[in-house]
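Following this line, the structures themselves.
Two complexes follow with chain A in common, the first pairing it with chain B and the second with chain C.
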Partner chain A sequence: MEKKGGFMGWLDKRLAVDSLWKVMMSEYYLPKNINFLWSFGVLTMLVFVILVISGIFVLMYYKPDSHMAFDSVNKTIMMDVAYGWVFRHTHAVAASIMFLVLFVHMGRGIYYGSYKAPREVVWVTGFILFVLMAATAFTGYLLPWGQMSYWAAQTITTLFSKIPFIGPDLVIWIRGNYIVEDATLTRFFALHVTLLPALILVFTAVHLYAVRIVGSNNEDGIPMTKEEKKEKGIPFWPVFMSKEYFVMSVFLLFFFFLVFFNYNFAMDPINFQPADYLQTPPHIYPEWYFLAFYEVLRGFFFSEALGLIAFVLSMFIPLFLPWLDTSPYPYVSGKHRPMFKVIWWIFVADFVALTILGKLPPTGLFAWIGFVTSIIYFIFFIALPIIAAIEKKKVATGGGR
Partner chain B sequence: MKELKILAVLIVIVGVTYWGIEPLAHSIMHKHIEEAIHKYNLPDYKFSDLGSTPPLDGDPVKGKEAFQMFCTSCHGLKADGINPPMDAKTAAMSFGVVPPDLSNVTEFIDKKFLYHFLKDPAKATENKKFAMPAMGLNDEQIADIIAYLESKAKKVHGAELFKEACGRCHGAKYQKIYAETPPENLKKYLGKVPPDLSIIMKAKGEHYLVSFINKPQALLPGTSMPRVGLNKEATEELMKYLDEISDPHKEQRQKVGIIVLVYMLVMVGLTYAWKKKIWKNVH
Partner chain C sequence: MAEEKVSRRDFLLYAMGGWAAVGLGGVLYAMYKTWEPLPEVKAAGVVKFDLSKVKPGQMKVVQWRGKPVFVLRLTPEMKKCSNRVIKGEYVVVLGICTHLGCIPNWEPDRQIFKCPCHGGEYDACGVNTFGPPPRPLDIPPFKIEGNTIVLGEAGPEYEKMMKG
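Up next, the complex of A and B:
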């Protein structure tokens, strides 16, 4: 990269690739006290690239038409096209695993306080990316036009009908029909392959730009200036990336194991039955990454209206984390905030419990556990300002760090 | 090592979640199916609920006479040059479903079941609307007819077995196999068009299908699918066929899967070595 002249030199004069490389890679410094969880950001990009590539291949044979969609996926792509099944499996598993990587990435961000000042924009753009991913996954799940595709879309779009005044009309506007039908499929398809991935690209760029400005957080949450990082830290290239490649390889080993040998969790057997609007399946559930929110919808005081409000809140309340947690501790990491650590672990346990309960039938004991866990979900967000206030007092009396 | 500790925690969290949403959830959602399988001890190839069977050692010559007297007004038996009295379309319109050609039935339908079926089709199939009425045959006539059928039957495999055992109502369109009875007749007869079976193995799995075919009412009460009395051998052969057509690239997937995993293992080694080399000077 240092060599001038030749093609790179020619390009450098016109695009300043040298300085760009320095800013983005070789002279972008990270703290040393970070663990492998910091690799999950780049992993989301890896999974996104896998999704785009496998997506382009399945797109070549997919037919967005309610009479042809199911067969184009299950016959043409899965059976007729050479190695078409690889791309379908990869696309389905990657969509699912994207959320695992996102949850770890976000959970790490919360635990180590990476949402706190000055990284609010990083958090907000990241959260928008999560919502965009959720929308992409939801629209994409309808496309194979299987039983679960159909009934999940039917159930979730029905939720909009509970919105006061405009609800019923809104549902028809979203579906383009009175029920989920061909019009719904084609518009979901359009959003899935154009607008949503384009927005994801834009917000990824802003997200990365923001990280380059404020820099990475670290395990102890010690604020570090760029100079300090340069002195004590490691450059993104090649030091951080050499570790990242190792993490990627281990991740891909796991990922391809799922693609080839354990894919049922991402391709539900029920979805190998074609959509039938006359036959409701006995159990309707969303993909696993929406189960926690779905359980909040079902469990919150067992009330349709309250459940819906809680559902919307549960999805969007994490956006406001930077302003809910106003703790004055200079070390932002949860590692040094005992009370925060406790509620964080409760939150994680609760999220896992909600996810599991979201798939179980909401009867008897499960319903009651669901009710309790859906309330605990919000306790985390209510506790944050309280903990922050206690910590403020501690700092005022000379405690804290 | 701290990083390994974090990894272990991560694996536990992901593992618990996976256990909850897959094995646990499925065991709870499919509880009634497992209970039914357990209750009736499925698959029950003795069809024990139908009771005992007299000795079935009839005379094929007398059986042919009885067959021509009682059966040929609806059924054909091509193996012995007996054609069905009507073409498929007319038969479907008259009976709701095309009556099967009986050339090979004794090869894939259990003999004892066949006896009970000929006594009382609705009872044996557990389907009150079953198109064939009880013919009022006595035990000797039934034994003779079965002996006659056995004398003509040949083993059928794969797609042929599928067509003969399931193909009057079900198709497998990915194999270009279409139900013999037109869908509009089936809808009138059964209330709905029976599902296409091209990828049914993926949707339902062998465990369910074997028991469902063996005793449909036990697993899906009220279904219009009749019990057809497939014997063990035919059921297993059919499962093999359904598995092959629903997942034609299974072998390829396993082979490519191993190659990819080995490749990734090598990559894990290489990237680890590179990481070591770069980080040697960092600490």
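Up next, the complex of A and C:
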């Protein structure tokens, strides 16, 4: 990139590609005290690329019509199109693994305090990406028009009818019918393949740009200037990416192992029955990545309104982390915060417990365990400002080093 | 002079801004309207059903506006709930769980409607007795014409039931 002239020189004069490359790649420095968890951002991009490519290929045979959708997926794509099943498995497994990668990526951000100043914009754009991804997965899940597709859409859209005053009309508006029907399928399809992926691209760009402006955090939460990082760290390109290629190749081995040999977790057997408007399957549940939030909804089994409020809160409360927890260095990274560590690991265990409970029948003892685990989920977010206040006091009195 | 220049600019700005807001409002309204149910969906609303086809103790499902309507004929031994019964022996309710919209199943031996989704239960009259459902099953608007029930039109019996 050094020598001017030739095609790149010509392009640089017109697009300033040199400066762009420096900001985004070759002069973006990462500190050395980071670990493999910092690879997950690039992994989410890899999974997104896989989703787009496999999506385009299933899109070539998919028919967004309530009479044709099921067969176009389960007959045409799965049986008739040569290698069609590969693309469908890839798309479904990628959608599922996307959330695994996202949860790790977000968990890394929480544990190491990466949401704190000056990285609020990185955190907020990242959170928007999570919501967009959830919306994409939800709209995409309806497309095969199987029993699970249908009843997931039916129950989740019904949630909107609980909004005071406008709810009942709103749900009919969202569905374009009194029930989930052809109109719902077609509009979900349109959102799934155009608007939502486009928004994901836009927010990914802002997210990446924001990380370059404020720089990456590190395991110890040490604030570092760009100069310090340049001296002690490594450039994103080519050094960090060369390590990233290794992580990617290991990830892809695991990923394609799932696609070819273990895809069932991403393709529910009940969804291989066509949607029946008049028969709810005996036991319905969302995909695994929504189970924790779903369990919070069910956890308040004695009050529908409380359950709904808790459900919405549980999804959106992580957005406010930068303002719930503002304790400064040396209390940025969880690695150096003993009190934080305790509630963090309780939170992780609780999230796993909620995910498991989400698939169990909500009766008897499970109902009560669900209630307790739902409460514990929120305790993390309530405890954070308290812990931050104690730590700030310590810093003010000169302690903590 | 300078003052006048600024205010003229301001005026143009407000005029253009206002005009743009009108345009944007129009576009948003049109977008909003495209998502409403199509006329054919709104119109398809009236279904007739012969009640005498249901034997005592039997439950039949009639489809109305894409939704199931449960028609249950009570036997003399079954519990009566005068304010929800039509012609003294029929329970006609919308088969949509009032919790999150799943379709409950009729369990003849326990004489309850049981929702498969979150375990809600309703008695034979459609009144919620257990679990998350917040209220009894809804009663669709109906009219009685002899032995026939017309779903989707509110007759005097329906009005009376809604008031009581």
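By definition in this document, the second predicted complex is superposed on the first by the 395 of 401 C-alpha atoms of A that agree within 3 Å, B and C clash if a C-alpha of one lies under 4 Å from a C-alpha of the other, contacts with A are read in each partner's own complex, and residues count from 1 in each chain.
The working rule: a contact is a pair of C-beta atoms (placed from the backbone, for glycine too) under 8 Å apart; a residue touches a chain by one contact, two chains touch by 3 or more.
These numbers were taken from a predicted model, which means no experiment stands behind them.
Of the two partner chains placed around the shared chain by superposition, chain B and chain C are both touched by A:P361. Once chain A of one complex is fitted onto chain A of the other, the partner contacts of A:F246 are limited to chain B, with no touch recorded for chain C.
When the two structures are aligned on the shared chain, A:F256 is found in touch with chain B, with no touch to chain C.
Taking chain B and chain C in turn and counting the residues of chain A each one touches, the greater count comes from B. Of the two partner chains placed around the shared chain by superposition, chain B and chain C are both touched by A:H283.
In the superposition on chain A, A:P385 contacts neither chain B nor chain C.
Judged by the touch definition given at the top, the superposed model places A:I174 against chain C, while chain B stays out of reach.
Of the two partner chains, chain C is the only one that A:T155 touches; chain B does not reach it. Once the two complexes are overlaid on the shared chain, A:I270 sits against chain B while remaining clear of chain C. When the shared chain is aligned, chain B comes close enough to touch A:M79, but chain C does not.
Residues 278, 282-283, 361 of chain A lie in contact with chain B in one complex and with chain C in the other. Residues 151, 154-155, 158-159, 161, 172-179, 181, 183, 187, 277-284, 298, 301, 304, 307, 361-363 of chain A are the ones that touch chain C when the two sit in their complex. Residues 32, 35-38, 41, 61, 63, 65-68, 99-103, 115-119, 131-132, 134 of chain C are the ones touching chain A in the complex.
Within the complex formed with chain A, the chain B residues making contact are 2-3, 6-7, 10, 13-14, 16-18, 20-22, 24-25, 28-29, 174, 192, 195-196, 198-200, 202-205, 246, 248-249, 253-254, 256-257, 260-261, 264-265, 267-268, 270-272, 274-275, 277-279, 282. Per the touch definition, chain A reaches chain B in the complex via residues 32, 35-37, 71, 74-75, 78-79, 83, 85-86, 100, 104, 234, 238-239, 242-243, 245-246, 248-250, 252-253, 256-257, 259-261, 264-265, 269-270, 272-274, 278, 282-283, 288, 291, 348, 352, 355-356, 358-361.
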